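Dropping a structure here in structure tokens format, bear with me for questions.
As written, the chain order gives the labels A, B, C and D, with residue 1 at the start of each chain.
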Amino acid sequence: MDKEKSLKDALEKVNDGMTVMIGGFLGVGTPEAIVDGLVEKGVKDLTVIANDTAFPDKGIGKLIIKKQIKKLIASHIGTNPETGRQMNEGETEVELVPQGTLAESIRAGGAGLGGFLTPVGIGTIVEQGKKKLEVNGKEYLLELPLKADVALLKAKKADRAGNLIYSKSARNFNPMMATAADFVIAEVDEIVEIGEIDPDAVMTPGIYVDMIVRGDK
Amino acid sequence: MDKKQRRELIAKRVAKELKDGDVVNLGIGMPTMVADFIPEDVEVILQSENGFVNLGPAPEPGQEDPDIVNAGAAPVTIKPGGAFFDSAESFAIIRGGHVAATVLGALEVDEKGNLANWMIPGKMVPGMGGAMDLVTGAKRCIVAMEHTAKGGAHKILKECTLPLTGRGVVDLIVTEMGVIEVTDKGLVLKEIGPGFTVEDVQNATGAELIIDENLKEMEV
Amino acid sequence: MDKKQRRELIAKRVAKELKDGDVVNLGIGMPTMVADFIPEDVEVILQSENGFVNLGPAPEPGQEDPDIVNAGAAPVTIKPGGAFFDSAESFAIIRGGHVAATVLGALEVDEKGNLANWMIPGKMVPGMGGAMDLVTGAKRCIVAMEHTAKGGAHKILKECTLPLTGRGVVDLIVTEMGVIEVTDKGLVLKEIGPGFTVEDVQNATGAELIIDENLKEMEV
Amino acid sequence: MDKEKSLKDALEKVNDGMTVMIGGFLGVGTPEAIVDGLVEKGVKDLTVIANDTAFPDKGIGKLIIKKQIKKLIASHIGTNPETGRQMNEGETEVELVPQGTLAESIRAGGAGLGGFLTPVGIGTIVEQGKKKLEVNGKEYLLELPLKADVALLKAKKADRAGNLIYSKSARNFNPMMATAADFVIAEVDEIVEIGEIDPDAVMTPGIYVDMIVRGDK
């Protein structure tokens, strides 16, 4: 089974109104070729789950500028002023989530957990609408799992079975997102044959990955 | 003191709080400057919440690696002995109490140790990023900031007015005017900045200060 | 049929349930035999809950690697394209629905799809190991077992009497006497084993069987 | 900072009555030299958190045979008949936990979570004494975190800063246990200098590890 497909094949999997997870931290570790393809395709009304909206000309920022996102779930939008403007003017719904809670919610979605208890956000507006539980005398928020229709990842290297290796701090949210979507597409710099990646070095097992496409590099 | 001197003074003083072997997360901005003042004989392991430990200084121009950036997307390096990991692991480290100290700026901090530094409703809403996790999870939370806002407005208050980043999380406040410990009894002025009187500090503070009986000049 | 033939028949029939590309976890014992009967043109990825995918056959004698064992501690191999991971990840895969099917033995299974296979109070308490996670998390749970216990005692019941491994988890039961689907209406006999009559199967079963209108000979 | 110490130093950290996590799956990935040392030292009344009790002559099984364990939290004891005998005769307290729940509880302990919701165990005796919560119409058990005084790990390779690399299926519970104890000791086959391990290949960051000792190999 060879999971390499064309960028066109990948773009066909992302359609109007879908919930999409996109890897990356301020654009580092974001599948830029796929994002550019989504901009070109003009897919709209997306719910995007991602750490941030990067910069106006980079990563997820480009989808913001083109107003392709209906709802954003992220931890930080400060580096892309257009996101804040759209939020303040009611053009885009933005749900801000503490970064660790976001990472853990995506992991929980992929791991079949119904939720988790975190002390993060207690005493802040993050509490709003959430159940609070006390365990051993300490208060926690019950945070729920996140899932998506499609996850769009960036990795350095893949084999044809979809095993992934990420590069340095470009790993960030990609491994969790690989587990939490119905269809998982990884944009990679390099594709090698099955057997060329040491099973101990795999960062995301190929069983999570449905499709790999070559990036621009 | 001009702004640059004030910021250096604060960063220098915060650096003295960090102990050999500590895993420390430094916020973007002035807290990042703290790294420049850690003594040679103190080994502090800097954690970068986007996914690694042993954060090193900025690379020489032309040596930047686009895949090694800090939490502000600035090019940095990783020192020998470092490790990369994903965001779930990064925040397991932070939330799980494996970070000895976090150093952050503040918009407001109050006598209960409440901290507000992530939004001004209707104006600036950049998002909390990793700040809520850091102030909740780190064993020690140090606020590093100029004592007052533009025009002398108080930032250290009896009670924060802005949406909180964390409730009762701050352990220490370091400004150019002094070092203030957050205790059950209130804010204790432990050290006073060069050229200031206790009255100066109290006037610049929106909460009542308890003056430590061993009040000292700020050690830098 | 002797015991070996019965077990082979069951393993062969279960193998036909597995589809190309499926991630499958096979329990220790007879379920492990299923791997030997997967057709050449069907690629099934075996998951080993102690931490890898692409579990391969036992190594040649002398070629054993003490660090590559299956969940029963027997030496195995890993096929090209495989990956190792820790136990939290392994059970994230299982609990998260990333395993298409799990094949397990049973002490008892009932018409509601309840399964008991981990303890006999006061006698045998080996622990549930990963069985509870597997029956809950895998998309499909297939029980592979001899139809009755020693002396002909019923194992397929109206209601389990032993402590459960999972509630309402079983999708399919494969024995030497037939293939039984667990449905909302009860147990449906879909295929009948070679040499048995419907009456034989019903007599060996402690719950009422619904006979499928397209009842067939067991396909092996 | 060089974290390499002697086996004697390691054994001094484990004392009567402590809660100890021990890595391994049926003895694979268990620090045998440290376990042998604990047997020799005769430390007793331990609460041990581990996947299983291996075999009578292997891994944690040796601590069972010597009756050094007061309470055991594990998922499986079937391969060591002595554990079952001690449990049935009330000599050793045994708490059986589904394997995935055990792994996740240890992870939660290390990650500062107050607990997590799992569907595993619903409708079984695992429910007993636990809170049940319904999320989106599905029932879950609230499982609580596990922590320990000391964690005893086995890794293939360490650098002097304590960064660890595990070998194949010997990884199992070791990475989670590294995060969930006050003091963490890794027995390793090989120790290399700082800088010799690729930061992308590290499986357990050295910040979790307090001490490394050489195994017998």
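One rule holds for everything that comes next: a contact is a pair of C-beta atoms (placed from the backbone, for glycine too) under 8 Å apart; a residue touches a chain by one contact, two chains touch by 3 or more.
This structure is a prediction, so every number in the text was calculated from the model and none was measured.
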item	value
Each chain counted as touching chain A and chain C at once	D
Centroid comparison with chain D (C-alpha atoms), farthest chain	B
Averaged-CA centre spacing for the pair chain D and chain C, given as whole angstrom	29
Rounded Å distance between chain B and chain C, as computed from the means of their C-alpha atoms	56
Distance from chain D to chain B - Cα centre to Cα centre, in angstrom	35
Contacts with 2+ other chains: residues of chain C	52, 78, 84-85, 91-92, 94-95, 137
Per-residue overlap in chain D, given as positions that touch at least 2 other chains	104, 107, 111-113, 118-119, 166-168, 171, 199-200
Contact graph of the chains (line, ring, star, complete, other)	other
Touch relationships between chains, expressed as pairs	A-B, A-C, A-D, B-D, C-D
List of chain B residues in touch with chain A within their complex	48-52, 65-69, 71-73, 78, 84-88, 90-92, 94-95, 114, 122, 124-133, 136-137, 163-168
Parts of chain A lying in touch with chain B, wherever the complex brings them together	25-29, 51-52, 74-79, 84, 87-88, 96, 98-104, 106-107, 118-126, 166-176, 203
Touch list for chain D against partner chain A, complex	104, 108, 111-119, 133, 135-136, 138, 140, 142, 144, 165-168, 171, 199-201
Residues of chain A defined as touching chain C within the complex	1, 107, 109-113, 159-161, 163, 179, 194-195, 199-200, 202, 205-208
Contact footprint of chain A on chain C as seen in their complex	21, 23, 43, 45, 47, 52-54, 78, 80-85, 91-98, 137
